[in-house]
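Structures are listed in the sections that come next.
Two complexes, one shared chain (chain A), two partners (chain B, chain C).
Right, the complex of A and B next:
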């Protein structure tokens, strides 16, 4: 289990993370969401033991991660860019990972090699962005980590490879109980992978819930009211938009509660629609003041 | 919070070593090839070209190892190798992507540092050792085994300097977050002491009349690259083809310094925050040091340049003491000081839009500079006006350089008083000297009549301290007859019979005389003649000594009868005889016909083990007469 408590981090004198608390259970996939500059990458770097928080602590099964190689051996962190020196090839990196990660599996490396089909002698500097990304997955997953930290992991991958990697990840979670913390702006993909979500905004974690809980806590209704009807205040509406006489209303609460609140206005039509993660993200942050602004 | 797991305390990671070594081999190859050309190939080629004389080849081989190799290209190659080897291993600290990737690996920072440090240091050390070992069979086959100590001394120097340069480069990279600053720090470490010294003496020289900055010549020790270039004096005795290496204590000191730098770097590496990759400085606490350091350095350097431009003043000369000039000086120092502060801020912020950003923080710089300039200009600590009390002086090292050259330690109280009076006159003449200097600077006649002379006083006080002052004096007329106060005082002082005797002969007497090398030029004789005289009998010694004394009493500065004197002491320090200066002057006393220019080397016997040589240059009327009469 990963437990981050009161994590506060300053970069160049600026507070980037402020009292962040997250908890990732074993065998779960935690989606880290947030607008640009919210501190997702910094949090992942703290979780991977690269950065040391100024306040708070991060524990893996009760052990701190910073400057603690035995804990780091159980973690694979995949930053948004793969680093290698100009003359290294896949074999060189594999040898390094093999030596540094005791759980590195040669069998896994070989089997994944059939999927990626790169020559081990090929210089990495000649790889495209997508190929480097595939190589990173190949190496990191061959290390058989107990915890996998991914920062924008699927960027640059083609749709087939995305699906392939997603399937490997889910397989590892299911079979080995691997935990994943994944940060991405592609919420559609996260929706398929995550079971827990945390939203970072303005340096702090503004929301942390299971996906199920999150989806059950908001409801989207499409409603048509009789002519001349107007909605009063006190309805706890998160978002409302209107096209003609059709209103789209987002409520906090359950569908029953929402329908009950609207029934006094005698809606002609009232449909309850499913909310996807992107909508949840947008509406939750809209409430925190991060919303699409109309310029014209 | 639970305590950290400390189970993994390995200092060395073989996996990382293998990876790091793979990165550095191209660099190793370049370094090895450069050393191959510098040491074995060069030795083979040059010794093969020498004639069969085995002694000559052996001499050459020793000379090659002791001086040529170490002090020439090796210094530059080692400078470059130190930096690039360090860069190849620690460049991950300079980019955020690489820093994150490397620090995410399950390795402690100290393991990362130690392994990378060794990976970068080993290749140049191996290349140097290999290149030197390649010379061994060649030297043995050629029968030059006598040069092996020189070869291994050279190897020792190369190894130690590599350790030091590499450690300096590693420290430079750790203190910075980008390659430009790392290179800047590396060069700064090499020349920091010298640079600060030059800055301070340049600056102080403008304000403190009599300021002498030459006392800190030992500072080159703190500039290892410069010190390495200076190591030509391995060659002790060309005549006897003997060499000895005096650098072992220095090598030991540099070795210890290299190890100390390694340890300091290791501690820094452990405490350096990983997020500092890419920043100008690796440690935020260094920011004020960097900003204020740049500000003061530029204030001193730029201020000195601007003051020179405005007042046409050179060090140890005159900047007028008026309120207006104080303000101008202050402005001329503040301007570059403020520019330096903002330049440093631009480097740190990576932006030119720094004006107005924390502008209040420049105030301490302005304040310190203002106080410094005012204190210097107003001579708050009485530096310029200080002449030590006669009772507190145990001796005075007095020297005059150009055109008269004398140097002696004066212990007689009357003579010390004469020197104090001379210094007093020089200080009183300061304004006139400043005006004269300006005249000289602005003289565009192309054939200026000006002459300069440097007078230095080092007072050794009874409390163990020293007071050192040095003055550049300017005279309109090279005959020293224009009559300024300092000129007159100088001529009077040097004309004092006892003082002149002390200055020229110290405590040597007629009995100490052994031989005279006498070089003279007749008028119109371009080549001159040279003769040796042995002074065998007491009467010969006495006669020559008296003639010499008469010349000195008759001479001194007026008419430049005597142009100089120098000694070579038993330690071989100094003091080469004066070169010919100009064409010499005619005999101003109008006495008997004498050569227009003469040069004497007088060898004293070794009764007092000093085996001194005195060289005198000038129109030596009485000694000429004495020596000619012996012919």
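Right, the complex of A and C next:
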């Protein structure tokens, strides 16, 4: 289990994270969402033990991660921007990973090698952005980590490779109980992969819930009211928009609760639609004052 | 077995539920047949195992699955489940009928639709 408590981090004198608490259970996939500049990358760097928070602590099964090699051996971190000495070839890098991770699996390395079909002697300098990403997944997943931290990992991968990597990730979660913390802006993709979601906004965590709770927490209704009906106030509506006579209303609560609230207005048509993660993200942040502004 | 529709805005667990329910009701998955394991489905669909577990759990509540400890899940086909599904589909039809009436579709036209469907299946 990963537990971060009260994590506060300054970078160049600016507070980047403010009292962030997150908890990731074993075998869980935790999606880290948030607008640009919300602190996702910094949080992942703290979780990986690259950065030390000024306040608060980060524990893996009760052990601190910062400057603690036995804990770090269990963690693979894939940063947003990959770095390695591009002079090297794949074999050199593999040796480095074998030295760093006692759990490195030769068998996994070979079976994943068939997917990528890189020559081990090829110089990394000649790789494209997407190929470097593939190589990073190859090495990091061959290390058979217990915890995998991914910062926008699927960027730059082609659709087939995305599915391929996601499939290996989900297999590791189901089979070995690996935990993943993953940040991404591709919410459609995250919805497949995650079971828990945390939203960072303006340095702090504004929401942390299971996907199941999130989906049961908001409901979208498409409603047509009789001529001349007015909704009035006191309905606790999160978002309302209107095209012609059709209202789209977002409520907090379950579908039954929402329908009960609207039935006194005798709607002619009332459809209940589930929300996807992208809509949840937009409406939850809209309530916190982060919304699409009309510029023109 | 099936793939997910990435343009469908329905949540994934709903899509998985819908597909399996249809496969079970139509008899493609026979009663008593073993369902794919959560693990194999997670990696073949690239979907979180907990999400698949949730779909299975809800299908079990609806009466289309039976989980047997240590053996996984098997498909079932209870009368209650069919009854429940029937009611759900009737509700949807009613909604559509209401909309069709607003479009001035007559009763005869609706009956015609039923007859056409019969001939397709005969």
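Keep this in mind: the second predicted complex is superposed on the first by the 296 of 296 C-alpha atoms of A that agree within 3 Å, B and C clash if a C-alpha of one lies under 4 Å from a C-alpha of the other, contacts with A are read in each partner's own complex, and residues count from 1 in each chain.
The rule is short, and it goes like this: contacts are C-beta pairs under 8 Å (C-beta built on N, C-alpha and C of every residue); 3 or more make two chains touch, one makes a residue touch a chain.
Keep in mind the model is a prediction, meaning the values are calculated, not measured.
K.L.:
Using the superposition described at the top, determine whether chain B or chain C touches more residues of chain A.
P.N.:
B
K.L.:
Figure out whether A:63 sits in contact with chain B (first) or chain C (second), or with both, or with neither.
P.N.:
A:63 sits against chain B, while chain C stays out of touch.
K.L.:
Now for A:49: first (chain B), second (chain C), both, or neither, which partner does it touch?
P.N.:
First partner only, chain B.
K.L.:
Quick one: classify A:228 as touching chain B (first), chain C (second), both or neither.
P.N.:
Neither partner.
K.L.:
Is A:95 touching anything from chain B or chain C once the two structures are fitted on A? First, second, both or neither.
P.N.:
first
K.L.:
Thinking of the overlay built on chain A, is A:77 touched by chain B (first), by chain C (second), by both, or by neither?
P.N.:
Touch partner of A:77: chain B, not chain C.
K.L.:
Taking the complex as given, what residues does chain A use to touch chain C?
P.N.:
Against chain C, chain A makes touches at 27-29, 163, 166-171, 173-175, 188, 191-195, 211-212, 215, 268-269, 271, 273-276.
K.L.:
What part of chain B is in contact with chain A in the complex they form?
P.N.:
Contacts found on chain B: 1-2, 4-5, 7-8, 13-16, 18-19, 22-23, 26, 92, 95, 97-109, 111, 273-275, 279, 284.
K.L.:
List the residues on chain C that touch chain A in their complex, please.
P.N.:
4, 6, 9-12, 14, 38-39, 42-51, 54, 95, 98-99
K.L.:
In the complex of these two chains, what residues of chain A are touching chain B?
P.N.:
Going through chain A, the ones touching chain B are 11-13, 45, 48-52, 57, 59, 62-64, 66-73, 75, 77, 79, 81-83, 85, 87-88, 92, 95-96, 98-101.
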